[in-house]
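Below are two complexes that have chain A in common, paired first with chain B and then with chain C.
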Partner chain A sequence: MTTLDGSSVKKLIVACDAGMGSSVMLASTLKKQLAKNGVTVEHSPVAHIPSDADVVVTQAGLADRARHVVPDIPVVPFQLFLGDPAVAKVVKAIQDGSTVEV
Partner chain B sequence: MTAYTPEVTGTGARARVQRFGAFLAGMVMPNLGAFIAFGLITTLFIPDGWVNKIAGTQTEVSTQISNVVGPLIVILIPILIAFTGGFRVYGHRGGVVGAVALVGAMLAPVALQLTPISLNGEDVAPPASIAEIGPTILAAFILGPLTAWLLKKWDGVIEGKVKGGFEMLVDNFAAGIIGGAMAVVGLYIVGPITYWITQGLGWLANALVQTQLLPLVSIVVEPAKVLFLNNAINHGVFTPLGIEQASDAGRSIFFMIESNPGPGLGILTAMLLFGPRAIRPTVPAAMVVHFLGGIHEIYFPYVLMKPILVIAAIVGGATGVLWEVIFGLGLVAPASPGSIFAWFAVSPPDQVILIMLGVIISAAVTFVVGMLLLGFGRKESAVDAELDLEAAKEKSAENKAAAKKA
Partner chain C sequence: MSDEEAQKPLTDLLAPASIRLDAVAADRDDAIRQAGAALIEAGAVDPSYVDAMVEREYSVSTYVGEGVAIPHGTLAGKDAVTDDAIVVLRFPAGVDWGGNVVSVAVGIAAKGNGHIALLSQLATVLLDPEKAAALRDATSADAVYELLASDEDDE
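Showing the complex of A and B:
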């Protein structure tokens, strides 16, 4: 459990296995939701998460690998690719500039 | 942590397999455009392709264009894979030396006159020229990264020791010598070894198809898929096997095993009608993304939520494979992403109806088994209530936030 400060997030990475399919889909959704907040949303393969990310969201099954790649960046695991509450929480924290436990 | 995101308890072994699979798939997946070009040209222009079928005769233009088919699969695609493997290890120069080394291994069967294993008692002869070789994907998996790694090591050793002004000369000759030397190693060592491994795997794969035991692979494939090993399995194992078979027979069932969108559709349909009430509204969009968009990852969480459903996926997947074995079906190229559109695009024209039926049947079987496993939705009591509560909480929090903003 770490605390994520929504107002400090400038770069959000969506990671999936290949960085080509599910992550692109979720990233395009989040890009729209966070367009007004000046947050860069990018997708990447879980093995190549850029080290300048502020927060990483990835499917729970890949979270171990993500944490291995970027041990110092908060990794938010989610279950569902559409409408997952864990992702919604992060989005809300960024939009409101509030903090959230992840 | 919500009910949707339980504590991650992934084992080290699973992550390791995932990583190795992602390493292999990472060499294949950036090149999927080439596979699709190959698939489209094949289904359109081969002798029994769409163009001739619609024209009702062997058209000259399709005869001419079909010349492209062979080189795309046996030359371009292995070279691209070797390049990508090298690129991943050591950038563009790594890619170049990896591709150079592969050409040695690619030509081993011609240079050394290796005779393939006969699969059905027919007489087989060693390839007379490059036009008769098979695709050397396995050699590309090895030589691409290995040669790039050697160049990287060499560059590390001489770093800072090169006289000013000679850097380009040294860099280029280092790449040329290492690439060229590894091409020779490829020809005499890696090429023959991977050739015999590929031949052996091809023989084994053929035996599985002949004895109709192939549906059993679903027992492994479907659970592995939902553990996010889908790319590892498909592009690490089945794509190379399928390419080998397709370059020979024009089509392969191995492209169908992992990429069949039927079982996922069956799972989602069962979830839509009989799953936990709280998550039902998320299912229709997931069905579109999965079945039409071909992003299978979207249905895995639903199976992980109700792990028993993996049985439905196995039974449905195996039914699809059995159907494909019985009718001798195959796709001409990998269907990636595993969307019904991609399947249609790489289906041979004379099999397209049977292939689509196979997808529907595997979806239907998965749905029925899934429905039984979910107890027609009546087993949804404690879990359902909990999820409902959770969703309601989230919902109210969202509403509150929205109200604040308004």
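Showing the complex of A and C:
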């Protein structure tokens, strides 16, 4: 487990296989939710996660690959594209400026 | 990746002929191959892309909730994409999708970012249970267009 400080998150990356579908949908949803918090939300293929990301969310099946690409950045795996509790916790921590275990 | 690139008009991206409201599929692979065939007919992908779509589904499911899946290929299959296009296949009888029942498969081929506004709107539809039900129950292409047209307050 890593502690993520929501108030320090400036860039959130949604990583997936192709950057074609599901990550795009989740990124656009998160972008709306976090627009007021000054957070940049981008989607990216898992192999090309930018090194200046503060937190990465990705499908559970891709989490190990993501951690390999960016070993120093917290990676939050999720199961559901819409309404996943792990993603909701990260969103709340960023909105509240609180910390969360990821 | 910038989302600010020019967005295609909805009917360019999702052609009327690419909306199939009474599809029947034997299983998930069959449904994905039908979505792939519709993308080929739309002139967006080479046949090899369909295999990439099926393979991708075995590694990571594209089920996104509310009875909707968004089958698409992988980065490796991207060379087989010649144009951005979306197809909508509705399976009124439902398709078993690894334990979930899928009523609508939204097939995606993306070369650039022309499809992002539509996917963004799809996410909005799926987060609203009433709109999600309306998509599952859509019986006309107009109803599909109405649901997937971008909100003006999108940004």
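Note that in this section the second predicted complex is superposed on the first by the 102 of 102 C-alpha atoms of A that agree within 3 Å, B and C clash if a C-alpha of one lies under 4 Å from a C-alpha of the other, contacts with A are read in each partner's own complex, and residues count from 1 in each chain.
FYI, a residue touches a chain if its C-beta (ideal position, glycine included) is under 8 Å from a C-beta of that chain, and two chains touch if they have at least 3 such contacts.
Small disclaimer: the values here were computed from a predicted structure and weren't measured.
Applying the stated clash criterion after superposition on chain A shows that chain B and chain C collide. In the overlay built on the shared chain, the residue A:Asp96 is in contact with chain B alone; chain C does not reach it.
In the superposition on chain A, A:Met25 contacts both chain B and chain C. A count of residues in chain A touched by chain B and by chain C gives the higher number to B.
When the two complexes are overlaid on their common chain A, residue A:Asp17 makes contact with chain B and with chain C alike. Contact with both chain B and chain C is seen for A:Gly83 once the two complexes are overlaid on the shared chain. When the two structures are aligned on the shared chain, A:Asp52 is found in touch with neither chain B nor chain C.
After superposing the two complexes on chain A, the stretch of chain B that clashes with chain C is 261-269, out of 153-161, 171-179, 189-197 or 261-269. On chain A, the surface touched by chain B in one complex and the surface touched by chain C in the other have residues 16-18, 20-22, 25, 45, 47, 59, 61-62, 80-83 in common. Of all the residues in chain C, the ones that touch chain A in their complex are 1, 3, 56, 59-60, 62-66, 70, 72-75, 77-78, 108, 110, 115-116, 119-120, 122-124, 126-127. Every residue of chain B that touches chain A in the complex is listed here, in rising order: 2, 4-6, 8, 10, 12, 15, 18-19, 22-23, 25-26, 29, 227-228, 230-232, 279, 281-282, 285-286, 289, 293-295, 297-298, 300-302, 304-305, 337, 390-391, 394, 397-398, 401. For chain A in complex with chain B, the residues that touch the partner chain are 16-18, 20-22, 25, 45-47, 59-65, 68, 77-86, 88, 92, 95-96. The touching residues of chain A, when paired with chain C in their complex, are 16-22, 24-26, 28-29, 42-45, 47, 59, 61-62, 80-83.
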